[in-house]
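Next up, some structures in C-alpha cells.
Each of the two complexes below includes chain A, the first together with chain B, the second together with chain C.
And now, the complex of A and B:
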C-alpha cells in the first residue's frame, strides 16, 4: 500500500527500458516496412495507437491486481470459466440497442459473469459434482448460448457489420473513447478496492478459516472479488477477446508468484507484468496486418512467465538446479574428505598422506574417479597432491572440515543409538545423510546432550568441536599430526 | 426481439427436416451423436478423475497441433488452399500426429510447470492452454492462405455441413459422408477401449494405490487416457470446434452422474444424453437458425438442468420434497440420514 510511487516507477522503467530493446531486435530481423511500423508505434503519433497503449496499460494493471488474488486463492480457472461465461451477456448487451454501446455491454456481461459464478457455486453445493466439472460445464454451456446469440445477431440486417465477432479474439485497434473511459473507471475502482480492503482480501485468501473466525464477511468478499473479476474480464474483452482473457488474469500473476513471497510485491509485479505484456502484445500485433491483439498479449505474458520460471532468483528452475548441483558437489567433497580422514585414522595418523590406492579401496571407485574428486578438493583449497600425484595431503582447511564431518557423523550415530534406541548397525545410513546438513548450533546441543562423549557406538573417536576450533587454519597444527599441511 | 427469435413453426421445425430433406439431417444428427458419445464416454473418466479442466486444456491446445499439421501438409503438397480443393490438404495422418503431439505436450507442460515450480495445478493448466491456443490463433492468422482453418471453425465447428462432404464408397454404394464415417469409427473405438480396459480404468480412476498393487501403472493409464482424449478431441474438432468440445466432454457424463451412481449405468445415460442432445439440438438450430453445434450444446445444457432439478436420487425438487416430508414425519433422529420416507421410517435404522 505504501509502495504506490514504486508502481509508477516500475511502469516507467518497463516502458522505457524493455520496449526499445525488443523493437530493435525485431527491426534487425525483418524489412524496413516493419521498422517504419515500429517507429510509428513508438513515436505515438497515431491517436488510435495512443488509445491502444492506454487501454493495454489499464488492462494490465487491472488483470494483474485481480489475477494475483485469484492465483493465490487457487481459483485460476474461475477466471477462465468467467471469461467464457460473459459471452451471452455481451450479446444481450449488444442487443439492447443494436450498437456496441460499452455501458450496455458492460452491464450485460457483468451480470452474465456473475450468473456463471453463481451457477458454479450452486452446482458444487447442491450436487456431488466437483468444482472442475462445474467450471467446465458452466464455461461451455454459457459459451454455447453466447455463440448462438452472436450468430443470430449477425443474421439480423443491422448486426451483420457490427463487429461483434471481434469479441472472440480481440481487436485493440477498435477501442473507442467510451471504452477507455469505462476501462479507466473499472481500473480506478479495482485499485481503490484493493488498497482499501487489502488486509481483508489478504487474510481471506490465505486463511479463510481465520478470516471467518475474526468475523470478516468472507462470502461477501468472495462475491465482491467475483464482481470485480467479471468487470475486469469485460473491459479486457475488447482488447484480448473472450477466449484468452483468462490468460491475462492468470499468467502475469503466476509469473509474479514465482518471483516474490510477499503479497504486496506480488501485486506490484503482477501489474507491471500485465502492463508489459499488454503493451508488448499491442506492439507485436501492430507490426503485421490485421493480426489479432489478444494472442500476442497472451504470448508476451507467457514469455514473461517462462523467463520467471527459468531465471527467477529464488524459485526459478535454473537457480534451483544450480543450488542442487552445488549442494551435491559439496556432499561429494565432504565424502572424500571423510574417506581421507578414515584412511589416516586406520593408520592411527602415522605415515604420509592418504594414497589414491587406499582411497580407491575404501570408496570402491576407480583411481580416475578419485583423482577427479581430489582435483575438485584442490580447487576449493582443501587438499593437495604430492609430487608424484599418487597421494593426497589435506590443507589445514581440509583437515578442519574433514574432522567436522566425521564428528557430525559419529555424533549422530551415537545420538540415534543412545537416545532413539536404534540398533548400532542401523544408524550408519541415516548419519551419512545428515552429516552434511547439521548446523553448528545443533552440533553443540548434541554434544551437550551426549555429555561430550568421545567414542561413537563402534568405538571410534569422536573429534570434539573444541578441538576442531583449535585447529583454526590460521594456527599451527598440533604437534606430531601427519598427513596434511604440505603446501605445494 | 421478434426479429431475433423466429416464430415457432411446428411444421418447419419438426416435420419438414424428416420429410423433405431427411438424409442431410440424418447425417447431422448421427454426426452430433457420434461426437457427443465418443467425447462423453471419454469425459466420464475425466469427471471421475477430477480432470475435467485438463480436457478443457487439451481441447484448446489441439489447435496449434492442427495448424502445424496443416502447414506441414500444405508444404508437402506444395500449394495453398485454393477454393474447393482444400479437402486434399487435410491429411488425416498428419492431423492425428499433430493432435497427439499437442495433447502430450500439453500434459507434459502442465506437469512440468506444476511439479518444477510452486505454481498450482489450476494456474499451470490456464497458462499452458492459453499459450498454446494463442500460438494456434497466430499461426492461423499469419498463414491464413496455407492453413485450412478459420476462426469460426475454431469457435463452433461445422457439424451442420457434414452432409456436403464426399461419401465413403464401398462396392459402388454410398455409405456415409467421410467425417461421419471417421467419427463413427472413433466412437466405436472409444466404446471398444472402454469395454476392453473397463477394469483397469475403473480401478486406476478410483484407487490408484490399489491399481498400482494390481500391476496397473497409474501413470501409464493417465498418459494413455490423455492420448486418447487428444484423438477424440481432434476428431470432433471439425464438427464442434475447440471450445464447444468441452461441453461434449463434460455435459453427458455430468448429467449421467446426477442420475445414477453405477458406472455401467452412467455410460448408458451418457449415450442417451448424447443422442437426445443431438436430436434436440438439431431442431433448436433449425428453429433459431443458429450454429448446429452450439444448439446441440445448449440442448445438452438444458438436459443437464432438467436432471439437476428432477433427478430422483439427487435432484433439487425430490430433495426438497424429501426434506418437507421428513419434517412432517416425526422421526427427528433420522432427519439427517436423508433417506427417510413416510412409508417406512425404519429403513434408516437398517442402514445404520
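And now, the complex of A and C:
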C-alpha cells in the first residue's frame, strides 16, 4: 500500500525532533516531561484526551479522502470559499437556542455552505465573471457576515462564555460527545461513498465529458461531493477553525499527489497524512496547554507537504536535483574519456597512457581539475591513475565507453552534415550534447542510415559498434595490443 | 428536447444523395439508422452555433465532419451525446433517444479536454471504457481487464499499460483514448479530432483501426481538420459551417463549390485544396 517507507521515517524524525523544542517554547509544563505527556495523550486513558484523539483521526481521514478529489478536480479554492462561507451558518445555528448545540450548528453551517456554492454558481452562470472572482466575492462577503454575527453573539449576556470564538482557530479539547457522534457519522458516509463510488468519482474527475457520455450522473456526483465537502468542513470547524480548515483539506492531499501516480494510493496516503497531521496538531496543542489546535494541525500538514516536496522519490526536489547531478557527472566522465581517446588517437594509439599535461591542453582545464576528474574515472573503474607519473590508463571498460562516446559524437556530426545539410564547422557543438544521450538503438539506426561510414566530416575514423562490442570488458585485450593506453 | 414525430420511412436502399438544407431526405428504414438528427439547433448563451441540422447516417460507414474553426463540429458531437442542451430538434441513436442507447455509442474526446497529470496509468484510463457497461457501484472484473488489454494491444500500447499518462507522447495519449473507446464495444463511434497533433505512425494506426471497425459493421463519425487527407479517409463527408452545407459520398461533395461554401472567405486554404483536387481529379 505505502511504498514510501522513507516518508514514515521522516515523520518519526519530525516527531522526535519537534517535541522537546515545542515543549520548551510553550514552557508551562515545567514539571512534567514530554514523554509523560505523550504517554498521557496516546494511552487513551483520559476520556477527554481520548475524544480529542478520536476527533483528530476522524477529521484526518475525512479531509484526506475528500481533499484528494478536491485537488485532482482543481476545486481547491472552492474548499476555501466553502469553509469561510459556513461561518454565518455557525453563528445562526448558535443563535437558534443560544447554546453550542452541534446539530443546530451543523444544519446552519451546511445550509450556509450550500448557499455559498449556489451563489458562486449563480454568479458564474449569469454574469461574465469567472469562477475565481466569484469564489473571492462569496468567500469575503459570507465571512464578513459571519464575523459580524459572531461579534454580536459575544456581546450578548450569555455569549461571552459561549466559546463561539473557538470556531475561528479551532479547539479540539472542546469536542463534545455529540460532536464526535456527528464526526463519526460524516466520516462513515464519506468512506462508504468513496468505496462505493470510487470508479464513478475517478472517471468524472478525470474526464467529465466522457463520464457523462457513458451515462454517469456527473452532476449528481458533483453535488454529492459538494454536500460531503460542506459536511466535512463543518465537522472540522470545531477542531481546526474556519480560517484554516481548507488547509486541512488541501495540504495532506497535495502532499500525497506529489508522492504517487495512482488515485487509490493518493487517497490512502492523503488519509494517513490527514490523520498524522490531525493527531500531531492536537498533541502539540495539548502540550501547549490547549493552544488553538487548527494552526498546529495545519503546521504539521504543511511540514509533511514540505517533506514530500523535498524528498518525494520521483517528483521531489532532492530526487530531481540528484538525478541532474549524477547526469552531469556522467557527462563530465564521458568528456574526459573522450579526451583520453583523442590524445591516444593523435599519436595513432602508440605509446603509454595519456598524461595530465596532454589532457589539460586538450580540455583547456587546470591540472587540478583534470586530476579530480581522473579520480572520478578511477572510482568508476574506467581508468587507472599513475599518481606519480601523472598518467592515465584506461581500463577495458573505460576504453569501450570512450570509443562509444567518440562514435556517438562523430556519427551525429556525419548525420547532421549528410542528412540535415548543415556545414561541417557547425556540427561540433550540437554533437557535444547529443553524444551523451544517444541510445544504442538510435546508434544502430544512424549507422545503418549512414551506410556504416567510417570517416566523420573532419576525416577522422568513426569506431564502429560491431568493433566496440567485440571488446567485451570481460575479455582482456591481447598482449601487446596498442590503443588501451595500458602499461605493457 | 422536443420530440417531434420521426420522419416517415421512405423506400429502402435508396442511394444517399447530396443533401442541402431544404431538400427532403431520402430515408432508409429509420430503425436501422445508427444516427438520425432532425432540425437540431444548439446555442451557447442564446447565440446559435448549430442551426437546423438534419442528418441520416447509414450503418457501416466512415463519416468525416469537416468545416472551419468555430463551425460547430465538436458541438455537433457533444449534442449527439446529450452533453449540451438542445434548443430544438431531436437526435436518435439506432432509433431511440441517446439516453436509452448509451452503450451503443463510443466516444473519443479531444485530447486537450483532460488533465494528463491526473494520477492514473494507461490501464486505468482504458478500463474507464468498461465503466458504462458495469453499472453503478460495480468494480471492473478480470474479464474487463482482459478486454482492456486486448484494446491496448490493438493500438499497440500494451507495453505502456503501467505508465503514468503524463509520460506519454501526444500520439500515445491519443491511442490510449482510442483504446478506451474500443473497450466500450459500441456500434457507433464519435471521435473528436483524433488526428490532431499526432505523429505519422499514430495517424496510420488510427486509420487502420477505423477501417477494422468499419469492416465489422460499426459506424464512425470523425471530426477532422485536414482537408487533403479527409478526401482519402472517409466514405461520407459532412460539410459543416453552423448549418449543414452538404452531406454525401466524399467523391460527390468534396468539390470546389461546396468547400468554398463551407469555408466562406478563407480562400487561401481553399485555393490550395482546390489545386490539390484538380490535380487529383484531372
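Quick note on the criterion: the second predicted complex is superposed on the first by the 411 of 488 C-alpha atoms of A that agree within 3 Å, B and C clash if a C-alpha of one lies under 4 Å from a C-alpha of the other, contacts with A are read in each partner's own complex, and residues count from 1 in each chain.
By definition in this document, a residue touches a chain if its C-beta (ideal position, glycine included) is under 8 Å from a C-beta of that chain, and two chains touch if they have at least 3 such contacts.
Keep in mind it's a predicted model, so treat the numbers as computed, not measured.
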{"item": "Touched partner set for A:76, first chain B, second chain C, both or neither", "value": "first"}
{"item": "Touching partner for A:205 - first (chain B), second (chain C), both, neither", "value": "second"}
{"item": "Chain B versus chain C as contact partner of A:135, first or second or both or neither", "value": "first"}
{"item": "Which of chain B and chain C A:292 touches, first, second, both or neither", "value": "first"}
{"item": "First, second, both or neither for A:274, with chain B first and chain C second", "value": "neither"}
{"item": "Chain B versus chain C as contact partner of A:396, first or second or both or neither", "value": "neither"}
{"item": "Touched partner set for A:317, first chain B, second chain C, both or neither", "value": "first"}
{"item": "Partner contacting more residues of chain A (chain B vs chain C)", "value": "B"}
{"item": "First, second, both or neither for A:262, with chain B first and chain C second", "value": "second"}
{"item": "Contacts of A:169 with chain B and chain C, given as first, second, both or neither", "value": "first"}
{"item": "Overlap of the chain B and chain C footprints on chain A, listed as residue numbers", "value": "74, 257"}
{"item": "Residues of chain B defined as touching chain A within the complex", "value": "1, 3-5, 47, 50-53, 55-56, 60, 113, 116-120, 122-127, 130-131, 133-135, 137-138, 141-142, 151, 155-156, 243-244, 246-247, 249-251, 254, 257-258, 288-291, 293-295, 297-298, 300-301, 304, 308, 314, 316, 319"}
{"item": "Residue ranges of chain A touching chain B (in the complex, touch as defined)", "value": "71, 74-77, 79-80, 84, 95, 123, 126-130, 132-133, 135-137, 139-141, 143-145, 147-149, 151-153, 155-156, 165, 168-169, 243-244, 246-247, 250-251, 253-254, 257-258, 288, 290-292, 294-296, 298-299, 302, 305, 309, 315, 317, 320"}
{"item": "Residues of chain A that touch chain C when the two form their complex", "value": "72, 74, 196-200, 202-203, 205-207, 209-216, 257, 260-263, 265-266"}
{"item": "List of chain C residues in touch with chain A within their complex", "value": "78, 81-83, 99, 102, 105, 107, 109, 113-115, 118-121, 124-125, 128, 131-132, 134, 136-137, 139-140, 164, 166, 180, 184"}
